[in-house]
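The structure appears below as structure tokens.
Each chain gets a letter, A, B, C and D, in the order it is written, and its residues are counted from 1.
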Amino acid sequence: MFIVDYIKEVFGAIKSLGTGMRRTFWYFVHPKEIITEQYPENKENGQLILAERFRGEVVMPHDENNEHACTGCTACELACPNGTIKIVTKFDITPEGKKKKAIDQFVYRLEMCTMCNLCVEACPSDAIIMTNDFEHSVYDRNELTKILNKPGSKIRDGIE
Amino acid sequence: MKFSLEYITKSVDGWLNATFNPTIAFLIESVIVMVLVIALFAFLGLVLVIMERKVAAFMQIRLGPNRVGPKGMFQTVADTLKLIVKEGFTPNNVDKFLFNLAPFIVMITAMVAMAPLPFANGFQIWDVNIGILFITAITSVSVIGILMAGWSSNNKYSLLGAMRSGAQIVSYELSAGLSILVIVMLSGSLRISDIVAAQADGWWIFKGHIPVLISFVIFIIAATAETNRAPFDMAEAESELTAGFHTEYSGMKFALFFLAEYVNIFIVCAVGATLFLGGWMPLHFGTGTAFNTVMDYIPGIVWFFGKTFLLIFIIMWFRWTFPRLRIDQLLNLEWKYLLPICLVNLLLATIIAIAGWHF
Amino acid sequence: MSKEEFKEKLAVTFTSAAFDESGQWLNMTVPAAEWLNVASDLRVLEGAPFDYMFCLTCVDWKTKLTMVYHLECMQTKDIVVVKADLDRNNPEIESVSYIWRTAEFHEREVYELFGVKFLNHPDLRLLILPEGWEGRNPMRKDFEDPVNMIKL
Amino acid sequence: MYRESQIIRNNTPDNYMVINVGPQHPSTHGVLHFVITLNGETVVKLEPHLGYIHRSIEKMCESLNYRQFVYVTSRMDYLSSHINNHACALCVEQGLQVEIPERAQVIRVLMDELTRLASHLLWWGSMAMDIGALTPFFHAFREREMITEIFEETCGARLTMNYICPGGVMADLHPDFQAKVKAFLKQLKEKLPEYHELVTGNIIFQNRTKGIGILSKKDAISFGVSGPTARASGVSCDVRKRYPYELYDKLEFKEVLEDGGDCWARYLVRMEEINQSVAIVEQLIDHIPEGDIQAKTKAVLKLPKGEFYSRVETARGDLGVYIVSEGGTTPYRIKFRSPGFSNLSAMETMCKGGKIGDFVAVMGSVDLVIPDIDR
């Protein structure tokens, strides 16, 4: 009958709305379900856990003797799709008096980097790695152009 | 002694009339009332916005604003400061007069509609004998402000939003009015203080049988629609019309729209609380029990605001749960469902009122 | 149907087409002038109507342009690739928007990127590029843009 | 001469209103620009204008070698970036004729399905948001966040992973991977009924979607529509079933078909696809074989002269990668057949005659990702 259908429709509608409202009210009275993380605070209280593989920035690790593993082979420069890496080489004079190619500056332009990991994959001597530092904001764009090898550093012995 | 604001208002009135001549006393009283209303507006704006944001956040498993002040309580103060400082931008080719007038019309109607609201026993600005008619009449003027804003903005989104809003408010006035009529019939008066007094022995929602329950539900729906709140926020319809009729407004003019929206919510909820939930009347069960005595010691103004904020919470709860209706469905809902139900309901209520079956 | 069987079947209908079955799918090169006839025949082909065009593109071979149409039959899962060579200086080919509606957008894209004119296209305008780019076709191999192109 | 249908282009009368939806509009999910002609509230004509974020990825790829160009494709359909990378890897492998180790294949399929889950979860939230319910968006993001954390742990990034590379995958799975995926599946199964309570059962939502934006089966095929949008019209077009790649022919899952063709059918298809993806992940998660994660390939890849085409099923539909190689280290011409582009062309048919609200609902249900259209 028409009237019965009409009333059924109305009550069905109200019931469907009621289930939704019950769900939101359940969340309203269960503040423990809140998943917000407070960004600058969570660094201090230890909630901010970054995955160890998270790719934030390319760095060149140096050991305690200020030595790195980069031979200046430019494999990373070739692998980079964006021209982020530029390697400036120089010639060192070894104690034997031979000329040896070494890096002068490992220029890394963070503003062009897409964190694709191809340079790290390409590096034959594992000289560069990705760190999970993600706070890159600076006031001047020039600060994003970084020189990865520390001043005075030299290549570790035994890496060709 | 029970706390009542009536003594304060009476003694202030008496002192003023004794000290000054009646005209000056009246003027001073007007100034006091104006200051109080504006203070209430500011208070409502600040409280309702933070309440809405917190309710939304908790339903959406978020924390909500929590940076300014303790638990983010001063967030709205900061927002208001920002809106005051912002440039009140007027775009090219707008009808400047109407464009600047519209927010004030919306605001003034909201202010005027507050006149007959009884905040507590005897704490009422103007106890006019057609109080409830006055409120319904005044609140429907605000649609003119919205239409003005939409038309003068020289923006198609604004125009669409304003037209939607016009159609919507004209339709939902009907069911809001009819559901109010049920209470008016049962109380036998349009004067708000009489309606409240009629609920001294129990709120209408408890003693009015099913017709009052139905009209309460319909009133809440119509109130949501009349204040352009989701799921009936066709005038703004964020995902369709960006911001609807106030797309082009910024700065303080936008703040006025924003404030008026929240004040309107407060007014319709206060009307709902007065008509259905007994206004400032405390909750009573039976007669002369200890429970009733305890309830009597809670001041009327607390009851009034408690009930109003409960209704406001329900309306916010709607907003953060439901999807938006489409404009034709919105009108269908009114003309196909709410209006017939309202008319049948009115008939039932008439029978009950005539036969005196209500408690 | 294997590629060979399929080729034999098509070769009966399309006498002017050259077939190449070395690739992943059966390739079929037709003269540009006959493309519209071939297309409408393929669309209603007996047993395997190619009703789904999933790719339409163009390749610039520096001496010529080649239109590449990937067609699929929804029922038999057969795929045929139809190619048509165009003159690079005045590339023109009949539009197939009326046969496969998806071609309308793809042809507009090819029109602006390669400058191929589609005859009888319902709405041949620039789709992606802003106004004023008519005649400059960025996907052609000899396109030069001194401002926006960065050579690594 | 065969004619699919008459394409009628009328000049609209002067009293119709033209509004620009986009490029900055809350419901276009990006910088898509629609010029909509309205008669009152009714959509008379709808015309997309593209190109606001066109990066010309096809031209860029012509100067990148076969290892480098994969990362760019993550930026096309950023919600299914694993699947995009997968398509490129498949195409290059087809040219190189290399066999992928089984472990790598399983990892790829797992990642694909997790991506599909993440994409559909985001779609669910944003569709509800388009219709006007804001709360579901945050609820969907809670589950999606778990997937992005899984990706972050294994792949090193949350959105543009560049994890699947020609020859296999870039890194081995993180030791916690299986446990985390299982925890995620458990949570998703717990929360899915809530999704249905919040949105699916809601009478307003049903009224907003049922019978809205109907795309007939004939039109769907003619417009080249693919993915869930086409399957909601009854077109069986799941590439995973029709032209199986990797392990998909060995897995048990259903191709979800609906025949309504309206927003509601599209909604149901995607919701059911969530269940199917969960089923696929459950089949594989306990049976990841040991072995290599990469086939042995040269440092610099060279494809033989020829044409290679690979098709995969992304969360939005059929993604095709068409490489024309001249034998060098870079592709001579590369074409991405993106699902969004074809789906977009069917928008006018779906929206015509509806209201503005219907347009928004269609927009939500078709689930367009603008960088995918603009490439």
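The criterion applied here is as follows: contacts are C-beta pairs under 8 Å (C-beta built on N, C-alpha and C of every residue); 3 or more make two chains touch, one makes a residue touch a chain.
Since we're looking at a predicted model, the values are computed, not measured.
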Pair joined by the larger number of C-beta contacts - C-D, A-B
C-D
Relative to chain B, which chain has the most distant C-alpha mean position?
C
Here the gap between chain C and chain D, centre to centre from mean Cα coordinates and rounded to Å, is 24
Rounded Å distance between chain A and chain C, as computed from the means of their C-alpha atoms
42
Rounded to a whole Å, what is the gap between the Cα centroids of chain A and chain B?
51
As a quick test, compute the distance in whole Å between the mean CA positions of chain B and chain D.
46
Going by the touch rule set out above, which residues of chain C reach two or more other chains?
152
Residues of chain D that touch at least two other chains are 135, 142, 198-199, 202, 204
Per-residue overlap in chain B, given as positions that touch at least 2 other chains
59-62, 320-322
State the interface residues of chain C toward chain D in the complex, per the touch definition above.
22-25, 27, 36, 40, 43-44, 51-55, 57, 59-60, 68, 70, 74, 77, 97-102, 104-106, 109, 122-123, 127-130, 138-139, 151-152
In the complex, go through chain B and note every residue touching chain A.
55, 58-63, 66, 317-318, 320-322, 337, 341
Residues of chain D defined as touching chain C within the complex:
1-7, 9, 49-51, 54, 56, 58-59, 63, 94, 219, 221-226, 235-237, 242-243, 306-309, 311, 318, 320, 322, 324, 332-333, 335, 337, 341-342, 344-346, 374
Inside the complex, what are the residues of chain D that reach chain A?
64, 67-69, 71-72, 135, 142, 145, 149, 152-157, 160, 162, 170-171, 174, 194, 197-199, 201-204, 206, 299
Along chain A, where are the residues that touch chain B in the complex?
10, 17, 20-21, 23-25, 27-28, 31, 33-36, 38
